[in-house]
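In the two assemblies presented below, subunit A is common to both, partnered first by subunit B and then by subunit C.
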Partner chain A sequence: MNSANRLTPYLFMAPAIVIMGIALIYPLGYMMYGSLLDWNPSQSIEEAEFVGLKNYITLWGDPNFHESLAVTLIFAFVGVSIELVLGVGLALLLDRNLRGMTLLRTMFILPMMIAPVVVGLMWRYMFHPTVGTFNRTLEALGLPTVDWLGQNALLSVIIADVWQWTPFIFILSLAALQSLPRSALEAARIDGATAWQQIIHIKLPLMMPVLIVTGLLRLIDAFKVLEVILVLTEGGPGLSTEILALRISRTATEFRELGVAAAMSNYLLILLMLLTAAMFTLSRIQEIRANRVRAAAEEDS
Partner chain B sequence: MATAPVQRTNPAFYALLIALVFMSVGPVALMFINSFKLDVDIISGTSGLIFMPTIQNYETALCDILPYELDHLDFCSLKFGEAFINSLIIALISTALTLIIGCMAAYALVRFKFMGRDTASFTTLMVRMVPPAVLLVPVFGLWNNEFCIGRSTMFGEFWRDTFGGRGDLCLAGTYGGIILVYVAMNLPFVIWILQSFIVQVPRSLEEAARVDGAGPFRVFFLVVLPLIKPGLAAAAIFTFRIAWNEYLLASALSDRDTRTVPILIVNNMSEFNVEWGVIMATGMLLAIPPILFTLFASRQIITGMTAGAVKG
Partner chain C sequence: MPEIHLSQLVKRYGKTEVLHGIELSMAENEFTVLVGPSGCGKSTTLRMIAGLESVSDGEIYFDGKPVSHLEPKDRDLAMVFQDYALYPHMNVARNMSFALRLEKRPKDEIDRKVREVAATLGLSDYLERKPGELSGGQRQRVAMGRALTRDASTFLFDEPLSNLDAKLRGQMRAELALMSQRVQKNMIYVTHDQIEAMTLADRIVVMHGGYIQQEGTPEELFKRPINRFVAGFLGTPPMNFLGANIEQRGDEAFVAGDGFALRLEGAQADAAKKHSAREVTVGVRPSDIDYAPDAPSDRALTLQPLVSEYIGAQSVLLCENKAGNVTVEVKSETPVALGEPLTFAVNPERIHLFDRQSEAAL
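Then we have the complex of A and B:
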């Protein structure tokens, strides 16, 4: 092998490495350093005063930060749990030969593709206290109206997220279901297993690796949600829907404390890092287990 | 699956299907209908479907690029047309760049063994989960203060003499600045998704081309790329979608001339008196490209989604 050949992979990698280095890795390092400063947007980073871990300690004891963290966790875990149950349930229900399946899947992708800003705008209209679709319908039925974006703001935000992202889980679990070994299901049917038994003992365990990856991907994405909530409630009323991403952006732009915002970003990053690590470990374990189940099922048949 | 018998389906099942379709498409349809209503009709809301459709909202939204004067509007305050063009430029260029750079990197990661490959692969995976909000502070700081060409340097002086302006030349506020962030942000995902497509390309084809005397770049562009077209299509749609829909970083980096559509919509939403009709029209215009993708490329989207997630 001559030297030109040895350089080839680096030539292929070079543009990606340069771009990600300049616009991802370097900024992340810059942020870690910035989180140690008392820094406002009108200063350049050299002028900012070095304060050590002060920003982290302030945040650690800041009740507003705690509330924001709690809201983020509730939003992410409750939302994704509902999406998982609905998405997997629908996939199990609709896993059959249907004529319009392709069209149906097309319809289901639509919410995911539309801009979060637009999703927020549609739902803000539907949740509107007087003009909105929901309250009008309730009124027409003679029921009491609901204060969607007031008292129930967090619930409303979760509903919008469930609307947008359940299809993601549905489509991936459907793909997983349809790639299951037919022989195992056939064998179970011949042995007289009921539909429920098939689901609980064969389909769900075999789907588990995909489900875990999908669920964790969704969870990581749920921590990135910002625009929908920004347009729907702007984090209010009070702090009831102010998720971390929104609080970071407000700390940076409204309160003009870049150092604190950077420290908060770092906390969020650590949280996501833990989730990613969990995803890898779990999917590895599940893969091994599923292979064992699959092998056993195929042996039986 | 062709062997499985067609099951008997009861009417309740079809009712469920219709309800599901209604739920997923309903909100979009509602926005579509409302974008053709005057605000009076939206607010009075006597009935959902009986109204005089009007394109006035679209005219108001697009007033800065319409060739004719509008009667109902004295002053064109909403520069939607301009923002739409900005969005198009930014999304298209960043998608093209991300794809070219991303598929080269993915190819190297799949086909070559080299020092640092595992590190590169692992780093790509890890940065994939970085949310835009985390990049907000550093990117704002860097793009405004560090990534600048000083006004006293030769190029800076030349630029100032030719195009005018004061102070240093910075990345913030330019198309290039926003495109750079978007390319970097989308690269990990594109590399990840394309890897699973490149693995499927039979090695024998590449080797045959190499025996015929083609260099690695020729092999890549003439043999591998045509074979992974479905993967490229999927990656392109996802990249375009993010660049087209993103709000936070664009709002931090753009100025009056480089504003994109999401910024414009958010700014109009936070005003005290929301003009629902016009807002819905702008939302509808922003949603057109994603809707077109959904209708015409749903298969690629699903392939891409499954490739991106299932290969854990």
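Then we have the complex of A and C:
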């Protein structure tokens, strides 16, 4: 009776687990297996030759892969950092009840709703060296023009990503801000905190859990971004904006090496998992340290 | 320290007005207690003084200077919130020292101050805990501690002891009384607890429905309530009210109701004569009625005790009478038989009369 009771929850979870297993584990396993093959798209998976870890080893020493990895890391970390600063900053500014604020907030999140391909096209037009909005404006102001999608391609790509995804961080930060305990902020005002001190000492620390998750979601997303860059630069000039997702897709389609593409995907997956694990370990360590300090203090007294 | 003056203070939330022109002066270093039923606007008044709520109309003056445009931090005050308002991410010590740390006081001074206050509040063992790991009463003490570490000139307390057990509450009350004698500060204190109000206050302000009903020393309010509401609000068990009419019989004035006629004395008799035949409500406190089998009928009520509530040295008798229910406070050893009509004497000097319609004291 007792053991039946304990098992009941798992029984109810079983359907979900089965579906998860099929939907998640199977494709993942397929990709794992594929990465161990020398496999080209015209072959079925049974015809492909098993080569063990060869794909991984080749990639490990491949300077093009290294460059692509570096571009991805720069793109993701720089982009997401800027987005965090801007998004949180905007949320702090707009967290007030003024007339018209709802409309303003809605407008801020519009970029997020536009399809990435359209965003890419839009920015490609605006970045155009001669007829683009930016260079025409610079010219009109008598300033030197910028070679947006040439020398500064990575920067331009980051700008487009920041434009599209800052709103995501903005809404989540705003939601976090508005659910902060009002009374704690009032107490801080009584305790003499200036607006800036309230942000530093009360708002940001209380928002931190939400910010960590938001940042993580954005990082994961940024590591996989494809369409905007494909439309904007196609990874060029040279390899300067060829992020991993793009390289993976080209490896699979242009170079026709499915095994290598799968191995590259797995590297990306490992990277993301490490990142996530690092985040959670970090917050866990902080928690443990706080507990230890407290335990010590309570033993003393 | 400042002399605080609220001038025709009005608070509106949208169209609903919750404070209707509060006029109140608090002298320097006075301990003012705001009392009143739930929802009467005590917290709102306090929060407006603190600067957390905007002033819809009227003005607040500190030492004659209008302050309603000032931020809370520029008003030099400390406050204990009704809902504690602790910083959830800081431990008890950091909660209590937040203001001092913002002021960049030396670290050892902060440490000393926090330990000192924590000791008086019985929080020394919990300094490293976060608010989420404390009981309600402990959190309330942290809220109190956060205000007491401050060196502000005005202290605002919004029901600061409501969640403590009786013993702790007594200790804290004594602690507060001591503090208010020792340091020269303005204290404005909201409470539902009559004992707190009576023992701590230099002055009590009774509020009801967004109006001030009466203000004065605890004794004034207890002895000379200006209307039925104040009379019924202060004092436990509350005052008894009986419907009656004023009757003039020859040279003497009586209040007569269903089954009783009490003779009035002194100034009250003179006053009553001017209102002959007026419909009134008679108010008598339970402590001003006593069991006295031989009392003359013109100063006695015939009551039928139904229930006796033993509360230690005193017993509270819930009695019935033709005019309504009456509570009586007697010494516990008084021999009363439940269920039988008995004679109780009323102290004629302690009879309160209120106009039936306006409820104002005569």
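Here is the rule we go by: the second predicted complex is superposed on the first by the 253 of 301 C-alpha atoms of A that agree within 3 Å, B and C clash if a C-alpha of one lies under 4 Å from a C-alpha of the other, contacts with A are read in each partner's own complex, and residues count from 1 in each chain.
The rule is simple: contacts are C-beta pairs under 8 Å (C-beta built on N, C-alpha and C of every residue); 3 or more make two chains touch, one makes a residue touch a chain.
Only a predicted model underlies this, so the values are computations on that prediction, with no experimental measurement involved.
By the touch criterion defined above, A:293 reaches subunit C but does not reach subunit B. By the touch criterion defined above, A:113 reaches subunit B but does not reach subunit C.
By the touch criterion defined above, A:192 reaches subunit C but does not reach subunit B. The partner that reaches more residues of subunit A, of the two candidates subunit B and subunit C, is B.
Legend: residue contacts after superposition of the two complexes on their common chain; A:205 is shown touching subunit C, with no touch to subunit B.
In the superposition on chain A, A:154 contacts neither subunit B nor subunit C. Look at A:239: by the touch rule set out above, it reaches neither subunit B nor subunit C. Of the two partner chains placed by superposition, only subunit B is touched by A:9; subunit C is not. Common to the subunit B-facing and subunit C-facing surfaces of subunit A is no residue whatsoever. Contact residues of subunit A toward subunit B in the complex are 5-6, 8-10, 12-13, 15-17, 19-20, 22-28, 30-31, 34, 41, 44-45, 90, 93-94, 96-98, 100, 102, 104-111, 113-118, 120-126, 131, 133, 136, 163, 167-168, 171-172, 175-176, 178, 182, 209-210, 212-214, 217, 220, 223-224, 226-227, 230-231, 234, 244-246, 248-249, 252-253, 258, 261-262, 265, 268-269, 272-273, 275-276, 279-280, 283, 287.
Taken in their complex, subunit C has these residues touching subunit A: 50-52, 71-73, 77-79, 81, 83-89, 91, 98-99, 102-103, 124-125, 127-129, 146, 150.
Interface residues of subunit A, counted against subunit C in their complex, comprise 181, 183-184, 186-194, 197, 201-202, 205-206, 293-294, 297-298, 301.
For subunit B in complex with subunit A, the touching residues are 1, 4, 6-7, 9, 16-17, 20-21, 23-25, 27-28, 30-31, 34, 42-43, 45, 100-102, 104-105, 107-109, 112, 114, 117, 120, 123-127, 129-142, 145-146, 180-181, 183-185, 187-188, 191, 216, 220, 241, 244-245, 247-248, 252, 262, 265-266, 269-270, 276, 279-280, 283, 286-287, 290-291, 293-295, 298-299, 301-302, 305-306, 309-310, 312.
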